[in-house]
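Structures are listed in the sections that come next.
In the two complexes below, chain A is the common chain; its partner is chain B in one and chain C in the other.
Take a look at the complex of A and B:
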C-alpha cells in the first residue's frame, strides 16, 4: 500500500498529538499527581506510535513505544514521576518534533538515533521492575542477560515474516512479560455483507482481551473492505486460547477461526503461515483509524482549498464583468439575477474562507514549552496567559505567524521581564507575566504579545536613533513618541546598551516587521518605562479576496482596502494647512497628514486646475489617520488580489493588482506604506 | 427461562416478522417499540435481555437510542437491524455499543444465530 497519500494526514495528526504531549507534560510539571493528564499523554503517545509505525517511521514508533512503557508504569503507580522523567520525556518530544519536521520536508524521518533516549527511558523502568520481578518470578528474574539473549533470538525468528521493528519489539517484549501471542485467521461466511463492520466487531471483541499488533490485510484495507473473506490478526493477550476462542464463538457470520500461538520459546515459531506485514505495516490502532474516518469532519489538502479559492476569485471577476456592462441595468430580469449571483458569490467566498480558517491555538500551543525553556535558561519565573486562542485565522497566515511570535516572546522574556530579584525590588510580583491575546477586529485579526516587564525607555531610544544616524537630533526631538518607537523596527536598530543594560531590545525586530508586512499586516508597539511592553499585530483575515473602494487618480483606477478606510469626506481646498512641507487637515479635532495620491503615485500631468472641493478618503493605520486626496470615486466592490510577482515585489506602496470587470487592471494600494 | 427480548422497528411488518421468528424458537418478546424514545421507555420498564433495534426511525433514531440505553445500562445487549447501504450508520452504532448487526432482508437463521450468541452468558 502506498502511504504517501496519508502523509499530510499523518503530519497533521501527529503534530496535534505531539503538541498535546508537550502541553500536558508542562501541566504535569505543575501537578504530577493528576492521573487524567498522564492518561492523556499516554493516549497521545500511543496514537503517535500507531501512526508512525503505519507509515514505517520506525525510530518514532519505537521511541513512542518506550515512552508509553514509562508512562504506563507511572499510570500504574509503579513509578514516581520525577522531574528527571519529565525532562527526559520532553527531550523525547524534541526528538519526535525534529523527526516530524524532517518528514514534512523530505518525506522520511531522517537518520536520527533514538537509542540513547530509549536507554534513558528504560533505565527508569528497570529500576522499578528489579524488585517485583525477582520476588515473583524466579524464572524470569534469573538474569537480565538471559532476557536480552532471548529477545535477540525471538526478534530473529520473527523477522522471517517481515514485521517492522516496533511490532517485533512488542511481540518479544510481551513474550518476556508472560503474554501470549496468537495468530488468528478468520474466515467470514461466503455471503457476508458489510465485511468491514463484521471485522470491526472481531477487532473490538479481541481487543477486550489484549492488543492487536498487526493484521493482514492492514487495518485500513480491512476498513475499506479491501479483502476477500479472510483476514489474520496478531493478538497479544494475557488470556489463553480458550478465552480467545470463546470470544470469537460469540461473533456471528464467521465461517471458521484458526488460532495458532506464536511461541516465543520454540525453535521455529508457527508464524510462517501468516503473511502479516509483508508489504504493509498494519496499524495496531484499529479504533483510532476507524473513528477518524467516521467523524463528521474531513481533512483536505490545503492546495485543493487554494484552487477552490482561486475558482471563487475567477467567479467574482466574471460577476464584476457582467456588472460593468452598462446595458444590464435596463433588463430587470438580468439585474435581479446578477444581484442574486452577487450574493451567492459573496456567500461562497465567505464559506470558502471559513473553511480555510484555523484557530490560532495551533500556534499558541507551542509557546508554553518555549517559555518554560527560556524561563529556565534565564532563571526567571514566567507565566504565560493566553486569551482567545480559538480565534480563527486563515491557514496560510497561521503557518507564517509562528516565527515572528516566537521572536517577540523571546524578546519579552529575554529583555522585557526583569530578574526575580529586580522585580521584587521594584515592588512587582516575583513571577513575570506574558499575555498572548488574539481577537477579531473588523476585517482584521489582532494578536498581542504583552509583558509586564521593564518596558522601553523612550529617551534612550531617541539617543540611540541619533547615535545610529537614523535621524537628526532636531527631527527626533519633534517626532512624537509613537513614531520614535517605530524606529526599533528599523533594520539597523540593534544594540546592547541602547535600551536596557542587559541587552538591546529590538534585536531582530525588523525581521518580525518584514514578516508581518509580507502577510499584509502591521506591528505596533506600546510601552512605558517599568510598565511593560505590548506588541500588537494586525493581520487581514484573508489574503486573496477583499472588499475595496475603487478610486480614480488622474485617469487611473486604484483600489483601497475597505478595511482601512474610516470615511470619505469632501473638503474645501483652503481647509488644508501647511506646516513646513507637510499638508495637514483638521479631522475630528485632530490634525492629520494629507497625502495627495497624484503626487505620490506620480500619475501623468493632466493640467486640470485643482478644484475648490476635494474628495478625501480618510484611512487609518493602526491608531493613526491620514487623508488621501483623490480625483474621483468609482465604487465599492469585491476584488481579487493578484500578486505582482517577484520582479515588482519591491514596490511597497502597491500590494497587488486586481482585474476589474471590464478587463482593465487596478493597482491595490497598501495603506500601511502609502501613509 | 426464556430470554426476554425487546423489538424496536418503526414498521409493524418488520416487528411481526422478527417476533414470529423469535417466539417460534422459544424466546419471549416482552415489548415492542416503534421509535427510539419509546424503546428507551420500554427498556426501562421491562429490562429485557436483548434489544433488536432498527436504525432509521422517527423521533429518535436507533443509534442515539443505543447510546442512551447504554447510558442506562452499560451491559445492555443490542443487535442492530439495518437495511443495506447504511454502512456508516452500522459502524456508528457498533461504536455506540451495539453488539452485532443483521441486515435486511434477513434469513431466520441469521437472526437466531445472532440472538443466541448475544444472549449467551
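Take a look at the complex of A and C:
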C-alpha cells in the first residue's frame, strides 16, 4: 500500500501522542502515584507503536514497545517509577521526536540506533522479573506474560502470517480488550488482471472494520504484485465473522475467502474469562466515545482553509463595492438586503477565522519539558506557570510562535533567574517562577513571558551599548530608559559576560524581534531591578482581514489598523511644540512625538496652507503613543490585506495594500515602522 | 546564460515588441502574463526611482515600474495615455507590471536574428540587454525582463 497518503495523518497524530507522553511524564515526576497518568502514557505509547509499525517505522515501533514494557511493569506496581526511569523515558521521547522530525522532512525515520535506550529500559524490567511472579488477584496483570506466550503460540499455529513480537503483542492485547482477531485467507480468481489493486481494495474494505495487523506476503510485496493468487491478512476488529464476510462479498474477482478466528480466550483460565467479559462491556463504551468525537471534528488541509479565506476576502471586497455605490441607499429594499449582506459576510468571515484558530496550548505544551531540562542544566529551581493556554490564535501564527518563545524562555532562565543561593540571599523563595500568559486584547493576541529574577540592569546595558559601539556615550546618557532597553533587541547584543550553553551568544532577542515583526506583531520589554523581566508580544489575531480606519493624506488614501489606534483628536497647530527637530504634543499628561504623514510618505507637494486645526490620530505601539497628523478622515471599514509582493518588500512603513469599494488601492500603514 | 536548445526551438521563441518614446524594445513572452490597458496607479512611498506604484489587476495588487528609469538611456518620464500599456510579467510567481508607451506586436524572432555583440550600451546596464534585432524596417533592442527587474539590488 502507498503510505504517503497516511503520512501526514501519522505525523499529526504521533506528534500529539508524543506531546502527551512528555507532558504526562513531567506530571509523573511531580506525582509518581497517579495511576491514571501512567495509563494515559501507556495508551499514547501504544497508539504510537501501532501507527509506527503499520507505517513501517521499525525503530520507533520497537522503542515504543520497550517503553510500553517498562510502563506496563509500573502500571502493575511491579516497578517503582524512579527519577532514573523518567529520565530514560524522556530520552526515549527525544529519540522518537527526532525520528518524527526526520519522517517529516525525508519520509523515513533515519538511521538512529536505539539499542542503548532499549538496553536501559530492559535493565529496569529484568530487575523486576527476577522476583517470582506472584499469583495474586492483581488486576489484569495476572500471569499476563504467560498468557502472552501461549497466545503467541496459538497465533503462530493458526495463522500462516509471519508475525513479529509487536504484532503478536497487539493481537494478544486486542483479545483481552474484547476485539476479535481473524486470519483471513483470500484467493483471487486466476485471471485477475490487477492483483495488487484488487488486494488494495480488500485491504481498504477490511480497514473499515478494524485494523490490519499483518499480512502475508507483506503489504509492500502485495503492492508490487510479488505474490501468487492468494494472500492472508490478520484483522483485529470489533465486528464478527458475518460482518467481515459481508464486506468481502462486495469485492469482486475473489475466488475464495477463508476466515478463521484466532481465539485468544479459550485457553485462558476461568478467572480471566470474567475479566474479559468486563472488558468487553467496557470497550464498546470506549468505542462510542471515540467515534462520537470523530464525528464532531475533522482534520482539514490548511491550504483549503486558506482558499476559503481568500474567497471570503473576495466577498468582502464585493460587499464594500456595493456599499460604495450611492444609488442603493434610495431603494429601501436594496438598502436592507445590502445591510443584511454586510452582516452575513462579517459573520462568515468571523466563522472562517475561528475555524483557523487553534489554542496556544499547542505551543505552550512543549515548554514544561524545555524548562525542566534548562533548570537541571543551570542548577536552578524553576517553576513554570501558564495562564490562558486556551487562548486561540490563527494557525499560521502558531507555527511561527514557538521559536521566539523558546528564545525568551531560555533567556529568562539563563539571564533572568538567579541561582538558588542568590535568591535566598536576596530574600526570595528558592524557586524562580516563569509566567507564560496568553490573552486577547482588542484585535490582538498578547503573549507574556515573565520571570521574577534579577531584572535587567539599565546601567549595564548603557555601558554595553557604548562598548559595542552602537551609540556614543553622550547620546546614550540622554536616551530614556525605554529606548535604551530597545537596544537589547539589536543583533549581537548580550548583557551576559559569559557565553553559556543556553544563551549569551548575542543571538536570540534580535531573532525574536524579527520573527514577531514578520508576523505583524511587536515585542515590548519591561523590567525592574531584582523584580524580574517581562516580555510582551502583541500579535494580530488574523493575518488577512482587519478592521481599519481609512484616512486621507494629501489626496492619497491610507488604511490604519484599528487595533493600534487609541484616539482621534483635533488639535490646534500651536499645541505642537518643537524640541530639537522632533515635534511633540501633550497627550494625557505625557509628551508624545508627532509624525506628519505627509512628510513621512513624501506625498506630492500641494499648496494648501496648513489649517489651524489639525486632525491627529493617536496610535499606540506597545506602551508608547504617537500622534499622526492626517488631512482627512474617510471612515472605518473591514479591509482585506493584500501583499505588495516581493518586488516592494523593502518598503517597511507599508505592510500591505487593500482594494477599496471603487476598485482603487489604499496602502496599509505599518504602525510599528511608522512610529 | 547559455541556452542549449536545438535549432527548431529557437524559431518558436515569441517576442513582444513595445515602444518607449521613439525606440523599440523586445522581450521574450515566456515571462509575460498579459498586456493591460490604462489603469490608475497608486503611488507608493519608496526611494526606488523606477517604482511608479501599484495597480489593482482584477483583485491583485501589482507593482508597476517605469522601464525608462531602469534602462537609464532615456530621459523623459513615462506618462500614461490612451496608447500606454502595462506589460504584466510573472517571474517565478512574482508579478510586476512594466509601463510601455505602446505595445507594438508579438512576433517570432529567430535567435540568429539577434546581434549580440553590439557595443552601444553602457556598462552597468549591459546585463539585461541581449542584443539588437532588425524586424521589418525597425531595430528592436532585446531585453531580458528577469534580469531587468530582479537582478539589481
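Side notes on the structure shown:
What we mean here is this: the second predicted complex is superposed on the first by the 494 of 675 C-alpha atoms of A that agree within 3 Å, B and C clash if a C-alpha of one lies under 4 Å from a C-alpha of the other, contacts with A are read in each partner's own complex, and residues count from 1 in each chain.
Note that contacts are C-beta pairs under 8 Å (C-beta built on N, C-alpha and C of every residue); 3 or more make two chains touch, one makes a residue touch a chain.
Since the model is a prediction, treat every value here as computed from it, not as a measurement.
When the two complexes are overlaid on their common chain A, residue A:667 makes contact with chain C while staying clear of chain B.
Which of chain B and chain C touches more residues of chain A is settled by the count: it is C. In the superposition on chain A, contact of A:204 is made with chain B only, not with chain C. When the two complexes are overlaid on their common chain A, residue A:248 makes contact with neither chain B nor chain C.
In the superposition on chain A, contact of A:654 is made with chain C only, not with chain B. Once the two complexes are laid over each other on the shared chain, residue contacts for A:262 go to neither chain B nor chain C. Touch criterion met: A:196 reaches chain B, while chain C stays clear of it. On the chain C side of its complex with chain A, the touching residues are 40, 42-46, 48, 51, 54-56, 59-63, 65, 94-96, 149.
Contacts from chain B toward chain A in the complex involve residues 84, 87-88, 90-92, 94-95, 99-103, 110, 113-114, 117-118, 120. Per the touch definition, chain A reaches chain C in the complex via residues 314, 317, 556, 600-604, 642-648, 650-651, 653-654, 656-657, 659, 663-667. The touching residues of chain A, counted against chain B in their complex, run 193-194, 196-197, 200-201, 204, 249-253, 290-291, 294.
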